[in-house]
Every structure is written in structure tokens, then in C-alpha cells.
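Below: one structure in C-alpha cells.
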Amino acid sequence: MTLALNQQELSDYLQEIFPQVHRDFPIDALDMDGITMRLKVGEQHLRPGGTVSGPSMFALADVAVYAMVLSRLGRQALAVTTSSSLDFLRKPTAGCDIVARGRLLKLGRTLAVGDVLMHSDGSDNPVARATMTYSIPPERQ
Amino acid sequence: MTLALNQQELSDYLQEIFPQVHRDFPIDALDMDGITMRLKVGEQHLRPGGTVSGPSMFALADVAVYAMVLSRLGRQALAVTTSSSLDFLRKPTAGCDIVARGRLLKLGRTLAVGDVLMHSDGSDNPVARATMTYSIPPERQ
Amino acid sequence: MTLALNQQELSDYLQEIFPQVHRDFPIDALDMDGITMRLKVGEQHLRPGGTVSGPSMFALADVAVYAMVLSRLGRQALAVTTSSSLDFLRKPTAGCDIVARGRLLKLGRTLAVGDVLMHSDGSDNPVARATMTYSIPPERQ
Amino acid sequence: MTLALNQQELSDYLQEIFPQVHRDFPIDALDMDGITMRLKVGEQHLRPGGTVSGPSMFALADVAVYAMVLSRLGRQALAVTTSSSLDFLRKPTAGCDIVARGRLLKLGRTLAVGDVLMHSDGSDNPVARATMTYSIPPERQ
């Protein structure tokens, strides 16, 4: 299997369909082994105290797996998240972006599953991990 | 066991520590059986197409369980989410608030676990379910 | 929607396709609100120390949701588990059966989701909770 | 940090405390990067049709993370599973052992989190993934 969209094409497509999302979650790297996606941390991603919020890390993992699915299937924005699990492991470093490394574990006819490990930029210890399952509608066929 | 904070006291405390969160997630009901919390859906909770976003539903479940923990432990803002699972079941009704019904399944010395069922306001079919585990720091003792 | 199989018909079908499973996991009750299924605890379900093992509770939750799916779809043994989450809340009471109460949250065209709350027989406090997602193959249509 | 128990010491300890478990789940490799554990598939791990059962894969992931925790903490059998998530990705190859590769994502004062990727022996495509959270009792200190 090959990538239907390379990094630039995928960035362009995300910019087109989700401009707000794409600005906050740029793609650092993409290949058949997976994706590296960044959460550019701004005020709106913090909760009181200055920590990156749980919903922001959920969003990062969700977008990272979605982007991997698009990179394989091409320009079709229809997959929807059905199941997710997320574990918070450590407090993120204040003032740092969060960098997610995702890999696609399954891309089936109706379901895709990816997992994601998230670090504070420049740190070795993961701050969170997530698994996301996407349902792929039959209309794509 | 009894509630350390009733609905009004809990609302006041959330307003004090998380004013932004409290505005978006008011408490409709609270008793020993659980909590009913509302996501007042605004533009910031929607993704393109008008559906309530996954991160917004994650936030609703997370805040609902956190609020239940506070209602039992009293005014101490220290518990942190450690594990979560979330299943998306149906597309929410456009333009409707999401109403979450949460119950606390465990309140132990170091861990609290709650689950949450979410509906579009006025609808019988759940749009999502979630389980949230909170770690309670020993400092509270 | 109605039940395609009532409690007796579902028991008979499970006995036919999974005789071993059916012996360990009898159905106490079944209606449109959900299922009550029992783990008849034997030596093979215990781990050293006498506690009911995690895999046995996983099996109970998995079979309970599977049985609910069958009760709606009828005699077709093809659904497979795709995602699951399970939280262990308390140590089960030694020497007691585990009683699971399950409800079906979604029965879609390709996915079914159910959650399950498990108690030691005769106790009010849950020992575990689980959510199970089943994929329903298109062959059923 | 170093290993408190090397592969041989850990095998000896598992043999001592869980002889039945150790026979079914031998350790193929252990180092600071993680563990490789095998499910030696026997009749008792199969469900009708010959597929490795979900509860057997749950058990493999659970034991693999437990063994990693022991390898770091030493001879103390007290950690208990609190949360788990498991995704089934593909049907295992009939007649093959399942090989799990686990890594410890967090080893905190009260919680340890590990994730596990499982393959049919000799195959490249994962059949399942799991995350397990263990609670570490304070008595250890």
C-alpha cells in the first residue's frame, strides 16, 4: 500500500476542509510508518494553571488518526470517530507544544484504528497515549 | 455517605475555580445518584458541518465526573484525569445542547471512576458514553 | 423494535453454538431494556488468592453484549468484538457469582455498542464496568 | 532506572506465584525497553471455530504489563489492574502462538501504565492492542 496523499497534499486538504484545525495542528512528518503532528499550544488549549487541557490532547490524537486515514484513502472527509481511549501519563511541560506520533494499526473496509503517543516538545517522557477508531462509510467505495 | 457540596455550593465553587468552564457546563441537577450537566452548545463547540465536536463531548464527560468528585470531597481542586474511554454512538441533533447524566461508580482513597451517558437535549437516544478515572492526590488527607 | 429471540430462544441458541460458554454464563433475565447474565464462578475463573480473574470478567461482559446483539438480530453467530474498555472497581466477594447487567446503547447497521455493570451476587457496589463494541458483518443483510 | 528482576529472575518469580499463568505465558525477552511475552495457544484459549478467544488475549496483555511492573519493582505481587482498553484488529492465524510486545509508558508512585501490541507468531500485522493501568498499593513503600 502507498500514501494516497503525501505530506503537502494532506496539509493542503486539511487546510481546505478544516482551516481552524489545520492551523492548530500542523503536520511535522508523514510516511507509511505514521504521522508526526504538533499541537501549537495557545491560550485556548490551556486550563487554569497553565496545563494543556485534556480536550486539547483528545483533539490532537483524534486529528492525527483522522489525518492518517485521509493520507491512505485520499480526499474524502467522511470518516467519523466511533471509539476512543486516552490515558494521561504526566503533566505536560508548561509553554511547550505537544508532539504526537501516530501509527495506523488497521485500515479495514469499514474500520480504521490508530494509536498515538504524545510528548511535550523536547521531552522524552510521554504525557499521554490514545487509541482512536474511525468508521469509514461505505459511500467511499 | 453524603454530599460535601450541594448543587448550589458546587456551582459556586466551579464558578470560582473554572469560570469559563462553568459558563459552558452548567449543572442541571445533583444528588447522591449522580449529576446532570449540560453543554450549552456555542460556535466554539462545533466542527465544520455543525456537529458538536468530539473534544467538546470529551470535555463535558470530564467536567461531569470531576464535579461529582468535588461534590463528595468538598472544595479541593486537585484531582486529575488519568484514564478515559469514550464511544460516539450517534450524530447529535444540530442546534441542541448536549445533556450528560453521570454516576460515580467508585470513590476510593486514590482513584475515582464515573461514567456518563450523553443525549441531545430532548432526545432519547444517547449520542455518546464515557468513563473517566480520576486520581486523587494524597494531599487531601 | 422488538426482540428477535426471547430469553428461552436465546439460551437455546447459545447452548447450541457455545455450549461451554452457555454453561458458565446463564441468562437470568432479558428484555428490551437489557440483559442480566451470571458468571457461575468455578475454579477455572479464579486466580491465586481466590479472586475472580480479570479475563473472566472480560468474558462475562463480552458474552453479555454479544447475547444482547443476538437477541435483536436473531440466529446469526457472526458479530465480532472490535473495541472494549473495562474498569475494575472493587475486589469481588469471594465465593460469589458475578452478576452483570447490560444495556445496548447502539445497534447500527455495522456497529453495536453495549455497556455492562458487574456486581458480586447480593452486593450493591459494582466490581467492574465494561463497554464492548461489536462489528456486524454485512452478510447479515 | 534499572530492572529489579532480569528475565530469568522474573520467570522464576512468576513460576513461584502464578505457576499456571507462567506455563501459558512464557517470557521471550525482557529489557528496559519492554517485554516480549508469548501466549502458548492451547485448546483452552480457543473459542468455537478455532480462533484465539478475546479473554485469552486480554489475559496476555494483562500478564505482560504486570510482568513489566514486577521487573521494575521486584518481588512483590500486589499491583492490581484498574483500567484497560483492548482493540481487536484482525483474526489471529489459526494454530499460531500470539506474541505480545509490551512497553511501560509510566511507572509512578501509585499508577503504572503499559501498552501491548499482539501479533500471530511469524506475522507482521497486529491482531490486537491493549493498554493496562495498574494500581500500586502504598504498602510497597
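The chains carry the letters A, B, C and D, assigned in the order they are written, with residues numbered from 1 in each.
The rule is simple: contacts are C-beta pairs under 8 Å (C-beta built on N, C-alpha and C of every residue); 3 or more make two chains touch, one makes a residue touch a chain.
Not measured: the values here are computed from a predicted model.
Colleague: Please indicate which chain is farthest from chain B, where distance is taken between mean Cα coordinates of the chains.
Modeller: Between chain B and every other chain, the largest centroid distance is to D.
Colleague: Is the C-beta contact count larger for C-D or for A-C?
Modeller: Of C-D and A-C, more C-beta pairs in contact link C-D.
Colleague: Averaged over CA atoms, how far is the centre of chain B from the centre of chain C? Could you give it in whole Å?
Modeller: It comes to 27 Å between the two C-alpha centres.
Colleague: Would you mind pulling out the distance in Å between where the CA atoms of chain A average out and where those of chain C do?
Modeller: Measuring from centre to centre gives 33 Å for this pair.
Colleague: If you average the CA atoms of chain C and of chain D, how far apart do the two points sit, in angstrom?
Modeller: 24
Colleague: Could you tell me which residues belong to chain C and also touch two or more other chains?
Modeller: Expected reply: 82-83, 85, 87, 133.
Colleague: Would you tell me which residues of chain C are touching chain B in their complex?
Modeller: 83, 85, 87, 89-90, 105-106, 113, 115, 117, 126, 129, 131, 133
Colleague: List the residues on chain B that touch chain D in their complex, please.
Modeller: 82-83, 85, 110-111, 133, 135
Colleague: Note which residues of chain B are touching chain A in the complex, please.
Modeller: 17-18, 21, 47-48, 53-56, 58-59, 62, 80-88, 91
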